[in-house]
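Paired with subunit B in one complex and with subunit C in the other, subunit A is shared by the two complexes that follow.
== the complex of A and B ==
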């Protein structure tokens, strides 16, 4: 089932067009990987999905992006609510300069998701457990989040993202600053999270896209060249450009 | 699809090297089969001896190809066409190695034959083996040229080889029935005929691999089959 449907999406940074007529369906409770060389528009597309491009003054987004059949680009859309439903994890772990506990509790609190301290405690514990971090930090919830290792910080950011129960999680190169062990932990987490969430991940690692995703889209020069099952894209893509890119033949 | 060269030149070289080893191995097999057939049909022991000795060359190149593929997978993590190149090289080399073994076995039996063979039997052997040799050459050309069309053609003509094998088997059976003295030679000839047919089967396997290499798809449906093999010689 389609969770997200992008139709004729065009994005401009001032005069420069960054995305050209992107049409892409994203399946519910699956991992979709967006790949392509630097500057191809994959992160721009990712940021369209929760209107993060709104914060860039010169950026203009055209076209339709429907999530649960609702066009998020239509007037009157509450972007705060939208970003509650569509969480995001960035390349560099960016915990708040607060305690571990507060990093997680902040979202549920401002969205009024907990009626009592006990409920909030429960959300914090559940989120940290889902992010496979609970056992490592349960005894030091009052220490600053910035004191964790890089991999732990990234899992903390994932825990923070899932604490508000988003339907979709967007990940922009979430492992590029992590070592292979921390990367494997995040990948295992992605596998778990897809049972309840739809995940879209931008990655420069071909093998990561192949390992974690079920659907892959290849972007080049602002165009979506090919999208299909990950299996097909990495074994026998339809487009020569896709094959040249994934096999390291890109000139 | 015509691929651009890899950005990393050493990777490009490794894949080219693998490719040329398959071609080289295919060439050795063609030569072995040609010599083995010539040896049995003309009673040329030198050729038979040479096939037996040269088989080691085929085995060695198979081992080399296997090592190359394992290295490619471990160190380069090939994808798409590169992955298919690696996987099919492994499978094709294993079929070619079997072809080499079967040619060697034909030659061993050639050295054990006591009598000159009757002309009709030699003709039947030549008919089926010429066909198999043609197929082997065609499938190696298909690999070299990345031609799925030629691969399909080879795959489809396995049927013909089956039919010619049966005709040859019939000749051998008549030869066996002719004279009790023929029992030993005739038995060897049954195996020789079967070996030639098996080489045809391995050639068809290679055709399937070439098709997969080029298209990324598997040849579907049952392999075309000729008439039922003769088991007793009685109709």
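== the complex of A and C ==
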């Protein structure tokens, strides 16, 4: 089933066009990987899905992006509600300079999801458990989130993202700042999270895309060259360009 | 071919030379500071001492116009005159003194001798009719003589202290009747034309009130302006123009702000002249750009990733700003505020224009009362001819410096506390 449908998406940074007529469907409760060389527009596309490009003054997005059949680019879309439904994890771990507890409780608090302190405690615990971080931090929830290791910080950010029970989680190269062990933990986590969430992940590592995703889209120079099941893209792509990139002939 | 050994040695040598230049610069700067502080302290420390002369005072009922046979009530003593008590007691210091010489003796004491004599009898009513020793404030000239700051070697006609006065003074001094104590009145008195009575209470309170008004006006306005410009305003020609103008405002000579205060606050709004309220608002015009620039810089220093994190959690822009960006930028903003206030504290020119240079001999109880301020007080005293004001100037500078140091310490402490919280 299609969770997200993008139709004729064009993105401009001032005069420069960054994305050209992107058409892409993203399946519910699956992991979709976006791959491609640096500067190909895959992160830009990802940021279209929760309208994070709004932050950039000169950025202009055209076209239709439907999530649950609702076009998020139409006038009057409440980005606060949208981002509650569509969480995001960034390339560099960016916990708030607050306690571990406050990092997780922030989202539920601003969206009024917990009626009582107990309920909030429960959300924090559940989120940390789902992010496989609970056992490591349960005794020091009042310590600053910035004191954790890089991998722990990234899992904290994932816990923060899932604390508001989003339907979709966007991940922008979540492992690029992490060592292989931390990367393996995050990949395992992604596998677990897809049971409840639709995940879109941008990655530079083709092996990671092959390991975690069911669908893969290949971007090049702002165009979506090919999209399909990960198996097909990696074993038998339709396009020569995809073949060349997968086999490491460029990129 | 280059001798590489020699080349390496050259590099080490030039590095050593560079470090030497740096160290010399620091030593030079410290030297200037040390000379400055030494000069201030060595001239100023005597102002914290005050000279007293103890002489026998004759509480003869006749001089007080009271009935000798009847013990007077406190009210009688209160209403009585003490000028003659003083004059007769002064005359008693030298049996052979003629009228001019008695006047000379009278001038050896502060003009408040009547009150001091009265104060003594009011607290010791039993001394009525007796001759008792009373401590009187010495005149500022004799104060300076006692402290050794007075050029006694000058010929008499060029001195304000006569040879006769010095003779009497030396005699009293030899008898151990002259002493100096801590000068409390320097801190509790307002300004006075007489150096021995002049204090900084009025100007200190004036400065304090001005700074508080300045803080209350400039901090919220500057913070809101900085937040709006940095976090919300679109980046276009208009905001660029505003930014350039704020930076220009920071470079405007302070006297121009004084004229603005004079023309707008006093002339248009009719606020009371010479008050810390007007002074504080005028100073806040000066501190505004400083705080705005500091606040914007520290807002800019908050990593964008924190903003993105909050926005991606579904926080609105206002929530992102108030929950994350502003708290993180506060330490920088606060230290900028303190720097701005410290500048304002030392500012003289705009206050002169709005009338805070007036001679104020009352202590202000609120920002609406006329007051001087510490730097203006320094200016007023530095202009005075009497030798007694020279040390007062340095003492006032010391108080101002201590005030500044305390403010900076407070800023450091606030900063430290916040940084602990956020790290």
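The working rule: the second predicted complex is superposed on the first by the 250 of 251 C-alpha atoms of A that agree within 3 Å, B and C clash if a C-alpha of one lies under 4 Å from a C-alpha of the other, contacts with A are read in each partner's own complex, and residues count from 1 in each chain.
Convention: a residue touches a chain if its C-beta (ideal position, glycine included) is under 8 Å from a C-beta of that chain, and two chains touch if they have at least 3 such contacts.
Because the structure is predicted, anything quoted here is derived from the model rather than measured.
Counting the residues of subunit A that each partner touches, subunit B and subunit C differ, and the larger count belongs to C. When both complexes are overlaid on chain A, the residue A:80 reaches subunit C alone and has no touch with subunit B. Of the two partner chains placed by superposition, A:214 touches none, neither subunit B nor subunit C.
In the superposition on chain A, contact of A:99 is made with neither subunit B nor subunit C. In the superposed pair of complexes, A:144 makes contact with subunit C only, with no contact to subunit B.
Touch criterion not met for A:205: it reaches neither subunit B nor subunit C. After overlaying the two complexes on the shared chain, residue contacts for A:2 are found with neither subunit B nor subunit C. Of the two partner chains placed around the shared chain by superposition, subunit B is the only one that A:235 touches, whereas subunit C remains out of contact. By the touch criterion stated above, subunit B contacts subunit A in their complex at residues 1-8, 11, 77-84, 215-217. If you check the complex, the residues on subunit C that touch subunit A are 234-235, 303, 305-316, 319, 323-324, 328, 422-423. Put simply, subunit A touches subunit B in their complex at residues 206-207, 210, 234-237, 240, 242-244, 246-251. Taken in their complex, subunit A has these residues touching subunit C: 50, 52, 55, 57, 80-84, 87-88, 90, 92, 94-98, 106-107, 110-111, 144, 146, 157, 160-161, 164.
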